[in-house]
Amino acid sequence: MSDRYTAAEMMTVTASRALSNGSTCFVGIGLPSEAANLARLTHAPEVVLIYESGTLQTKPDVLPLSIGDGELCETALTTVSVPEMFRYWLQGGHVDVGFLGTAQIDRYCNLNTTLIGDYREPKVRLPGGGGAPEIATNAREVFITVKHSTRTFVEAVDFVTTVGFGRDGTARDGVPNIGRGPTRVITDLCVMKPDAETKDLVVISLHPGVTREQVREATGWEIRFAEVLESTPEPDDNELTILRELKARTDRHHAGGQAADQTDRGSKA
Amino acid sequence: MSDRYTAAEMMTVTASRALSNGSTCFVGIGLPSEAANLARLTHAPEVVLIYESGTLQTKPDVLPLSIGDGELCETALTTVSVPEMFRYWLQGGHVDVGFLGTAQIDRYCNLNTTLIGDYREPKVRLPGGGGAPEIATNAREVFITVKHSTRTFVEAVDFVTTVGFGRDGTARDGVPNIGRGPTRVITDLCVMKPDAETKDLVVISLHPGVTREQVREATGWEIRFAEVLESTPEPDDNELTILRELKARTDRHHAGGQAADQTDRGSKA
Amino acid sequence: MAEFLSLHDAVARYVEDGATLAMEGFTHLIPFAAGHEVIRQRKRDLTLIRMTPDLLYDQMIGAGCAKRLIFSWGGNPGVGSLHRLRDAVEKGYPYPVEIFEHSHAAMACAFEAGAAGLPLAVLRGYVGSDLPKVNSQIKFIECPFSGERLAAVPSIRPDVGIVHAQRADRRGNVLVEGIVGVQKEVVLAAGRSIVTVEEVVDDLAAGPNACVIPAWAIDAISVTKHGAYPSYAHGYYPRDNAFYKAWDAIARDRDAFDVWLQDNVFTQGDDT
Amino acid sequence: MAEFLSLHDAVARYVEDGATLAMEGFTHLIPFAAGHEVIRQRKRDLTLIRMTPDLLYDQMIGAGCAKRLIFSWGGNPGVGSLHRLRDAVEKGYPYPVEIFEHSHAAMACAFEAGAAGLPLAVLRGYVGSDLPKVNSQIKFIECPFSGERLAAVPSIRPDVGIVHAQRADRRGNVLVEGIVGVQKEVVLAAGRSIVTVEEVVDDLAAGPNACVIPAWAIDAISVTKHGAYPSYAHGYYPRDNAFYKAWDAIARDRDAFDVWLQDNVFTQGDDT
């Protein structure tokens, strides 16, 4: 590890670098949103960001707290209805990259954001699928960014909310009109890609200072490593400066965003 | 006949009176459009006129030449896309009355606007269905207005473009989510309604000065007359004045509507 | 044809116990005031439909209005879980709530199909997902032209639809602007619709293709200033992010929630 | 990503002989200039798709570009028949044209489904009509939820879509305003899309929910002043109703048509 940046910053910068300039990205809230906007503010000024609230080609000055913050609409090229967003823009084939987070992920990149435990008797109820199930199948490819831990990287997800390659890696085989699926998973420890044949995740790059052992310990299955294991390039100063400014702007905005006289009203009609 | 008004004016005024104030009317071009706008300018100021070009609640000052004249958009409450018009507004069940013209009509109010002769070897090719097939089934009821002649009122239409009650009067029986179908046919001679049971057209009202014989001669089948045959009320002076002003305004507008320097260009890009 | 009614009267007239009720607003224009009126009138056994049952439905479920929930993402955006929803689903408190869970794409298509008067929506969706295993509403059909297997879900045609919007003109035509979500679809798909608005104006000042819902497609309009608070109304007031964060602690605790409900819902409102 | 091309180059690059081509504009923004360029480049064997094949397709069919027509209303609005279309269908002159005939509702839904990337559109349509007897593209499906019989038609996903619009900004984002028809759907449904515009501006000056088509959903933009003439461009110029009326006599006569074509199409254009 470096004293120049944190593991979280390493993850965000690496995720942001995955997005190429000019590509069209359907952005999930949280880490994907942070990475996508960092990309837009650094190497990919022409990246097109789409949020499921209907905001097309948006350029928020601060990160949204929700998927439908006013900031997203105000800085968008145009805003369409939510049915149009999912029908014309996502299902219609105009999205290059779907950028997702998750609560659980398995070796075949299946994602669970529905619940922990049994569906009818959940131990923990999570928010559910939202846009992810169709983003993952209708976007040309999918990037996933999530913090690395055995809580998240599990042997078998409790529920396949959003398909990666299915329980056995073959879920996309022979399915017409479906995207390539996950092509990259970026964590705070490493970068992984699905094996071209078997589709199970392979670590292709370790972040500086991270060991194979750390990745193994944070992964709930026997994770594979590429024969030639790269070292992920470090963030440069410009990226770190811009990321930190973005986050500081965001914190200031969301702390002071509402009128003082509304903060303790909570419900008055 | 009267010397106060023409047969065509009698038809238009009678058709306009069929529309009640506050009803929502999907308007066909030509005679229906003339009648619907006369209604709006006389007894039914709150009638809502919808044209298939997407113009909702439009109030044209002159009659449109095409279904999508700029005038319709400029005076509309709002203009939606054509798919939205047919899906949300017509099929969605928001139209009280579909107001149609036709080239041929039979005793069961089936309409033909497709062709005369055989489909593969037409004697005369007509424009086709346009919006009519679904207006006739998705509007709550349908009014038809057309000039009375044996060319139009035929024993059997050459093609059922738009269903009235089918070849035997039963086409709507048992069909879910379908409107009542034609409830009134207004010509320059009389007003007809489908029999409640058999659905074949019955003359319920003769225009002033028109005889049963005239109607029989202008109808291609043995037309029925109601036991109590009404006399259609005459146009009043106000209706005639407003109708004539509307038509004069319309003629002036469409004659002088284009820039002089464009009239002989025809195609220059 | 839209009638201007007090919020109390609109809810009293159109929302019946046992009704299917969709209250929409995709992060924007969420009809909180109307939801609180539903709570005040102690409506029961509602089937609540909403893509993102956030704080509004957490409050209504916690207050005991719901017996069933149809949704596609249930969370406090950017904050965490909906504790009242979880308490109902996991512990049956105050009542058990049955859930029918979809993806956003499916619900968006189901609202579109509902507005279009169709019984079903067809989409390229749910491929490889476990959701069809736990939601009997999700089926698959074969395209008669291409042979492709496509997902089908029932359209959403609720008994009552409620949304918030920026403004109405004096005749009851309504303008929705900004993130329009499924506001138009809900109004058109519902048997009865209530729209709360920030204000009434002489002229909507809408562009030629703006999202305007005509008066004749709406049943009741209730002028309800700040009716979307603590969500936001583009051009009127911002989202109260602090309240969304504060909600987590309120909703975690049954007693804290009851106190909040008493102070902020039951003792409020303009009963007429 | 939209590239600014001359109309000649855009048509030359994207419209191939034998292609399926949709040129739209519902009475408004009809891409006449682009159609004339297709004629000038003597494209052949096109499958032409258009809800209302009015003068534009009468000209293209008369010039011999088409082998097939998919449409829902073929007439000269407010005037009468399309004589070149009739000559082709009835007499095979200059070439036979096969027709696939729909209703507006079905074609509008087919464009919507095409934009939505689906293989089919489902609608409550064609009940009792003879059209399904003569158009093999029309089928019926049973709703798996309600059992209702509904019509199904293949979605429209043409090789090339061409529309006219008011203006583009310098990055190639396009604003369509007024009667928007199926302009957006055509561009999104097509494999390749060409948009002709009246002008290029610094700022589209569009409202938050205006009909804007992003540059990255368009292949080519050709700045073509009066590109919709003799139809109209809302905010730019009115419809030339006199020309629509004059067309009747021109198109009735094969020789008169050929003269018109020579004078107004073949000897025009900005070949580059």
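So that you can tell them apart, the chains are marked A, B, C and D in the order they are listed, and the count of residues begins at 1 in each.
Here is the rule we use: contacts are C-beta pairs under 8 Å (C-beta built on N, C-alpha and C of every residue); 3 or more make two chains touch, one makes a residue touch a chain.
These numbers come from a predicted model, not from an experiment.
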{"item": "Chains in simultaneous contact with subunit A and subunit D", "value": "C"}
{"item": "Chain whose mean Cα position lies farthest from subunit B", "value": "A"}
{"item": "Subunit C and subunit D: spacing of chain centres that average the CA atoms, whole Å", "value": "39"}
{"item": "Centroid spacing, where centroids are CA-atom means, of subunit B and subunit D in whole angstrom", "value": "27"}
{"item": "Distance between chain centroids, defined by C-alpha means - subunit A, subunit B (Å)", "value": "56"}
{"item": "Residues of subunit A whose C-beta touches two or more other chains", "value": "73, 79-80, 87, 91, 138, 177"}
{"item": "Junction residues of subunit D, two or more chains touched", "value": "112, 117-118, 123-124, 146, 148, 178, 180, 184-185, 208-211, 234"}
{"item": "Pairs of chains in contact (touch as defined earlier), listed by label", "value": "A-C, A-D, B-C, B-D, C-D"}
{"item": "Complex contacts: residues of subunit C adjacent to subunit D", "value": "117-120, 122-124, 139, 141, 143-146, 148, 150, 152, 154, 177-178, 180, 207-211, 234"}
{"item": "Residues of subunit A that touch subunit D when the two form their complex", "value": "22, 24, 48, 56-57, 73-74, 76-80, 87-88, 91-94, 138, 177"}
{"item": "Subunit A contact footprint on subunit C (complex, rising order)", "value": "7, 26-28, 32-33, 36-37, 51-52, 59, 71-75, 77-78, 81, 85-86, 89-90, 101-106, 108-109, 111-112, 123-131, 134, 146, 148, 178-182, 184-185, 211, 224, 226-227, 229-230, 232, 234, 237-244, 246, 260, 264-265, 268-270"}
{"item": "In the complex with subunit B, residue positions of subunit C that touch it", "value": "1, 112, 115-118, 173, 184-185, 188-189, 206, 208-212, 214, 216-217"}
{"item": "Complex interface listing, subunit A residues touching subunit C", "value": "29-30, 52-55, 64-70, 72-73, 79-83, 85-87, 90-91, 110, 114, 119, 122, 125-134, 137-138, 159-163, 166, 171-172, 175-178, 254-255, 257-259, 262-263, 265-269"}
